[in-house]
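Order as written gives the chain letters A, B, C and D; numbering starts at 1 within each chain.
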Amino acid sequence: MATAFEFAPAIALFPLAAFVIALAFGKYMPKKGALAGIAATAASLVFSLWAFVTVAGGETYHETLYEWAVGDPTSEAGVQGIEFTFGILLDPLSTLMLVIVSLIALLVHVFSLGYMNAEGETGLPRYYAELGLFTFSMLAFVFADNLLMAFMFFELVGLCSYLLIGFWFRTESAPSAAKKAFLVTRFGDYFFLLGVVAIAATFGTLQFAGPESFVDAAADAIDGEETLFGFGAETWVTITGLLVLGGVIGKSAQFPLHTWLPDAMEGPTTVSALIHAATMVAAGVYLVARMFGYYALSPTALAIIAFVGGFTALFAATMGVVKDDIKQVLAYSTISQYGYMMLGLGVGGYVAGVFHLMNHAFFKALLFLGAGAVIILMHHEQDMWKMGGLKDKAPVTYYTFLAGALALAGIIPFSGFWSKDEILYDAFVLGLEDPVFGVAYAMALLAVFFTGLYTFRMVILTFHGEPRSEAAADPHPVGPSVTFPLATLGVLALVAGVANLAPIAKLTGMDITYLEFWLDGEYGVVDGLTYTAYTETIGYPAGEIVSEQATLLIAAGLGLGLAVAGALTAYVLYSGPEPVRHTEKLGSVYGVLRNNYYQDEYQVWLARNLTLPVARGADRFDQGVIDGVVNGVSSVSLFGGGGVKRLQTGVVTNYAALIMLGFLALLLVFGLHGGWFL
Amino acid sequence: MTVPVEYYVLLSLALFCIGLFGVLTRRNALMFLMSVELMLNAATINLIAFAFYHGNLTGQVFALFAMALAAAEVAVGLGIILVLYRNFRDVDVTVPSTMRW
Amino acid sequence: MIIETLIAVTLVGALVTFLAPNRIAGKLAFAISLIPAAVSLWMFTAFDGSGNALLEGTLAFESRFEWITLGEYTISWFVGLDGISLPLVVLTTVLTSLAIVSSWTPIDDREAQFYGLVLFIEANLIGVFVALDFFLWFIFWEAVLIPMYLLIGVWGGPRRKYAAIKFFVYTNVASLVMFGAFIALVVGLGDAVTSFALPEITEAMLDGGPGEFAGIAGTTLTSVVFVAMFVGFAVKVPVVPFHTWLPDAHVEAPTPASVLLAGVLLKMGTYALLRFNFTMFPSDVVSTFAIPIAAIAVISVIYGAMLALAQTDLKRIVAYSSVSSMGYVILGLIAYTQYGVGGATFQMVSHGLISGLMFMAVGVIYNATHTRMVTDMSGMADKMPVAVGILIAGAFGYMGLPLMSGFAAEYFIFFGAFGSEMLEYAPIFTALAMFGIVIVAGYLLFAMQRTLFGPYRLETDYEVTRAPFHDVAPMFVLLGLIIALGVAPELIFDMIRDAVDPILGGEL
Amino acid sequence: MEPIALPDWAALGPALVLAVTALLLFVVDAVNPRKTNRPLIAGTATVGSLAALAVAVWYLLAGVGTPTGEGGRGEFHIFGDPGQFVIDEMALFFMVVVAVVTAMVAVASYDYMHDHAYFASYYSLVLLAATGMATMAAANSLVTIFIALELASLPSYALVAILKDNRGSVEGGLKYFLVGALSSAVMVYGISLVYGATGHLQLEAIAEVIAAGDAEPYSGLLGLGVLMLIGGFAFKTASVPFHFWAPEAYEGAPAPVAAFLSSASKAAGFVIAFRVFTTALPIGDLAPMGIDWATVFVVLAIVTMTVGNFAAAVQENVKRMLAYSSIGHAGYALIGLAGFVGPGGSELVMSAAMMHLLVYGFMNTGAFLFVGLAEYWGVGRTFEDYNGLATQAPIACSALAVFMFSLAGIPPFGGFWSKYFLFTGALSVGSTAMIAVAAALVVNSALSLYYYSRLVKAVWIEDPVPGREGLSQPVGLYAAIVFAAVMTVAVLPGFGPIADAATSAATALIA
């Protein structure tokens, strides 16, 4: 009887096949390759679910399948004999993620039928091929069993997002945004790769799990108080962990490498859904979760993760408040939400972080697809100020979008509430003990308010009030390929929170924190990759106010209250048939927010006004000095030749004289030297 | 009475230098040629004197050869000077200087 | 005798093509070039060597007989393959075949001579990699200059004469310096060597090294020769600051010449560095120069990339990025680890394929638009989707995209360098060099954005059309090889490692 | 098979064959002075020089010069033992060079001198000069050396000036003659001084006197004499400072004559230098007396190659460029004598010089003959005039490229071996002075690459001169050029015998 695990590679290979088919034959296929993609992602989903069920049945899978490059251990001492392999690690975390990714990918494919095909786009085979490659890369990244494989597919994910963001390459802005996305994440990946190299060179292994893993090796090194590359083991773990984190910050769009994400809205909205919910951006946070055991060894690294996460959450949320483009708002919300996840992981809330990752995948995909539907409705208009009143004309879109918005804002009982609350709770109890985490928590908490504000600002401006343009008054209809994914995700956004009702569990004592059990190895388990193991390694103290339940209620109340406050503020400010912008109230702050704290400006300045002039200077130096020396040598030689040939005056008497002079010179030198005249 | 060999050498050296001086100063091709002949003759004096000094005849034989060759050289030289005159209407050796540098 | 056949067939083919009518020369040359390609691929499958050619390894297809006696020394025809040279031979033959196809479109004048020279250069390139006698090797090494000089000079761009002579003289001077240094070394070795066979010289070098030469003590001589040979090869590679001939040569060279220049000719330098400086000299000599060499490597990487960033000519961009890529090779070599040196060798092959692909793609665009200036072009993807697609793939290969060979090579090098025991501050050097992967992404993405994307707005008095099949087909082959090596580096890394290991062992 | 026993004088066979051919040409011309049978004359000259070549090669193969102990026939001495002439491997080696060059020049001149009035005289002079050069190779006494040298020089003067209505030819001839006369005067004076110091003119005898220390009191005399002898050789080989005639003589002379002089005459000059300095004036005996001629040659080698190459690099006239390059190559070959500066390896470097002179005989002759072809076509003399010739005459231009790259020492051509063997030999001597020579070689070699490739650039790369008429294909010139090119290529793989011959010649000479 074949088991699900034997087919594990197929989970990723189906979309790869779809990529090849769509690229080669998409032109000739009905729907231009969409069907291949849908079939492939559906198959991936089926196999993912099968694997998920198998893991639920208590089995896990960790196998090296392919030796990519093999060192020769016989001739090389130490880590140079390392083998670089491809393998599959199917544990609770990765199977969960596989399901999420393949599900979202499937829905995006289906939605694309309505969004891309129906709109008569050109280049559809390319589009579907790239989607397939994107899905393939992400799935392979998810089930990678070692850091190098993870890095490789991490990079491929970056490539695919480049290609898809730049899908409309005939415009000026899309290629620019694509370039920016790749370049900024590449900058992060530079650190990631350095981290991979450093970890490999230090521990001689890159495995995530098992006794041969670098996590165990690092733990041993710390226990043994070894010195690695001139640093104490823990310091070195921190350094390497932070290097890898560079890649995470780039991909998950954390401050300061978040600037690419809003620009990435230049891609088709479906692509945005995929990038934000399940692939590109999720990859970063997933990686932290994947190698959480390693970060658990370094409190410093975790603190930095938490702090960056908290700061990004607030930072991005404030910018989201002033955006007019519906996709821009969603983009900043993504940055902000991933900040939460980082915070959750940083404070040791492994379950909370993964939980939010899952929920976010559903509701953010929903929101983006919803936004896509809105854009279809609006005949490709994205400015919210030109919308309004769509609520009645597109009820499915509206209600599903609303579900997503409620989840995003974290309103009970939508899924977002449960996961965000858990993150905030974890941060809160830690923040009570440690002021660094306290600050991170405070920022994240404040961000909750802004989240509610921008979310409902978006909902109200888009769907409520009166139509503010002709397009809004007469929307384009949407088909079932649009509404089906929306409905699916809408349901998920509502109910996904059930997976881990931690507050209720804590209050009532019921064993209903399924996700925690799942991640803690109640079902299938790979040694060391459990929540409990991580928590033990970190050993964070948990503060409380009065009692655990009270603390829980305080935290939840603060979060929910602020979210509702934000939503209400939005309602107050923007409801009504003719909402006003309220920008003047913000004064100069508006400019700062509107310009995204000038983050783009300084990064562009770095590229354009610093790097480029330096490069031009180097070029001038190269042409002038280095090449100048080369050409100078040749000029001097020829000039010398010009001098030498002047000896040849053409007058034979001169020759006789010169011959005699030369002869005399020889005579004098050698005669004197040899003593002939004595 | 025997003249010491050093005197012959000095004589030949003087002759050689005179010839050389002529080579360097005379612009007439014929004078140039004659100066070279003087230098050759300086060598001939040497050869004969040394032959006498060493008491073998090789030097004297070589002197004969040298004279014969000098004659041949003059023959070729005069021929060249002839065509020189035909082409340049002059026997000044500094005139033909079309080729230089 | 198979290697002799390989070279002889190519040489005869060169002559035949040279004398053939222009009309059929291109097809004829391609047909002929398939023979060495097939033979070398067969050799690849039938390879039975092991170890390093210079370090008592078992050679594949060895052949040796005496040729010339020069005083106490004999010069032999001595050829053979090991795991380092075989991949480079295959690279040469395959790339030449593809380069020939890629020149069908752009070369429309004196074709017979052109293709004859291309085949001639191929024969010599093969020779460089198979020769194991110093003089024999040096003949091939130098003979490459003539065809390349003419290819650039006759079929090149507007400043071709300057570029050709610069290439010619500059690299020849370097060869002379290297030659002189090597001969001094051989003379210094005294009675220990009686031939110019590289294995014998290597053995003598590792077995005590040279004695006094012209009043210079043996150890000093070793160091001086090491430096002189490094400089000699550095010009060929090229590394900063000896690189200025390269951009000129590349920019002016016709596409196929650029392909071969970047694809194989640059590898001659790194191959020679590996064979001579890093194999022949004992590790303690190498380690003396570890820091300066690593510094040169890092400077080449970063400075080369910065220069590429400042260019507006597509070919110039790729040319400078070659300087940058070759810096990685140097870094890998000086790492003196299995992955470092092996990765450097892998990078030679990989960069050969990728830069070849890039030059072909740029050439195809140039054929259609007659410009290579980034500033002149826009939206080429609209007009030539396939060629542009491959160019993009190649560019990402250049950036070290995983599952393409460039990543494997760079990763091996970085990994090998990071943990190098020979090189002090290895992690810092590695980190600095690695930053090149960011800059390379920067300039390639900028260039691509400007030229390939955006609205099409090139004004020509003719219709810019899609590239013909025979223009893009070679690029597909290259792309396939790049991906194959990226997915399965063991295809060649296995034999490379086998040949590299004895070097690092130090002792015989 | 035992060859027919020949008398001893027959050992000088190659030179005799050339001499007989020269006389035969006079006879042919005298039979019917009114009418010139050009094919017959040119054919006779060619056959004669080829016969000389055949004899020389035959002798070499038969083991003449190879010590009897090694199964050879040993050296042959004529007019005494040790005699006035010696036929050893070096002599035969250089006779081969002279004969080959003569043959090529004879073939090429058939077309080049086609319209010349003194066709037979021309050929006679060429063969007489060749006789002189071949005799130089065997001369073993200062007397015979001087006679042979004059026998080579006197016809050469006439040959240079043979275009009597051409101002350049006459001017070149005049300069050549005047400088030559001066040089031979200097040389004879040098000979007289050496004779004075040692009392002998026969080379071995001189060496004996010096070895016995009998010349010790006359070291000043001897030193001056040696220096003057060097002057004489320097003239013949076109070395600094006696090189001033060369650019003009080569430029003005008919191209085949220039080829002849720059290849064969230079080689002949070197052979007497090699013989005199190794046989008569061993450095081991002379250096303690303060007569360090090897160092003189070190200086001369460096200066000569530098002057030649630097001046060549800035020429506009192709023939003049080749003339200067010829001076540069004289500098290279001088390394063969500079190598005696010690401490070891002089055989190697001297044999390398011999090899270089042989290969140079092909490539340089070929290059000058190409210039002759260009003059025959009347395309002009400067680099610009040569522009784009390859489109009209690809074969000849391919040959030219072969010559140029070979002269530059780029493989796969013969010049590669000899140049790099010189380099190798220079370093194998293992002295600081020779490292300086090697360094100069590097610099000059790089520079030479520039101007040689410049000519290749002109014919192959530049666009053709507009309005040039179609170019004819004179059989003789083409045959000679193609032969030279083929040989230049063929000696690369076939360098083994050449290297062996040169090595054993040098070893025998120095031993």
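Here is the rule we use: a residue touches a chain if its C-beta (ideal position, glycine included) is under 8 Å from a C-beta of that chain, and two chains touch if they have at least 3 such contacts.
What you are looking at is a predicted structure, and each value in this text was computed from that prediction instead of being measured.
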- request: Quickly list, by label, the chains bordering both chain C and chain D.
  value: A
Task: With contacts defined as at the top, give the pair, A-C or A-B, that has more of them.
output: A-C
- line: Per the C-alpha means, the centres of chain A and chain C lie apart by a whole-Å value of 36
Statement: Expressed in whole Å, how far the mean CA point of chain A lies from that of chain B is 96
Query: Measuring from the mean C-alpha position of chain B to the mean C-alpha position of chain C, what distance in angstrom results?
result: 64
- line: Averaging C-alpha coordinates per chain, one finds the centres of chain A and chain D separated by a number of Å equal to 77
Query: Which residues of chain B are in contact with two or more other chains?
result: 23, 93, 96-100
Sites on chain A at which at least two other chains make contact: 634, 645, 648, 650, 652, 656
- prompt: Residues of chain C touching 2+ other chains?
  reply: 169
Statement: In their shared complex, chain D is touched by residues of chain A numbered 634, 637-638, 640-645, 647-648, 650, 652, 655-656, 658-659, 661-663, 666-667, 670-671, 673-678
Message: So in the complex, the part of chain D that touches chain A is made up of which residues?
response: 174-175, 178-179, 182-183, 186, 219-220, 223-224, 227, 230-231, 240-242, 244-245, 247-248, 289-292, 295-296, 299, 306-307, 309-315, 324, 447, 450
Query: What part of chain A is in contact with chain B in the complex they form?
result: 645-646, 648-653, 656-657, 660
- prompt: Hey, which residues of chain C end up touching chain D in the complex?
  reply: 67-71, 110, 113, 124, 135, 138-140, 142-143, 145-146, 149-150, 153-154, 160-161, 164-165, 168-169, 172-173, 176-177, 179-180, 183-184, 187, 213-215
- prompt: Any idea which chain C residues touch chain A in the complex?
  reply: 166, 169-170, 240-241, 243-245, 303, 306-307, 309-311, 337-339, 379, 381-382, 396, 399, 401-403, 407-408, 411-412, 414-416, 418-419, 427, 430-431, 434-435, 437-438, 441-442, 445-446, 448-449, 452-456, 488-490, 493-494, 497-498, 501, 504-505
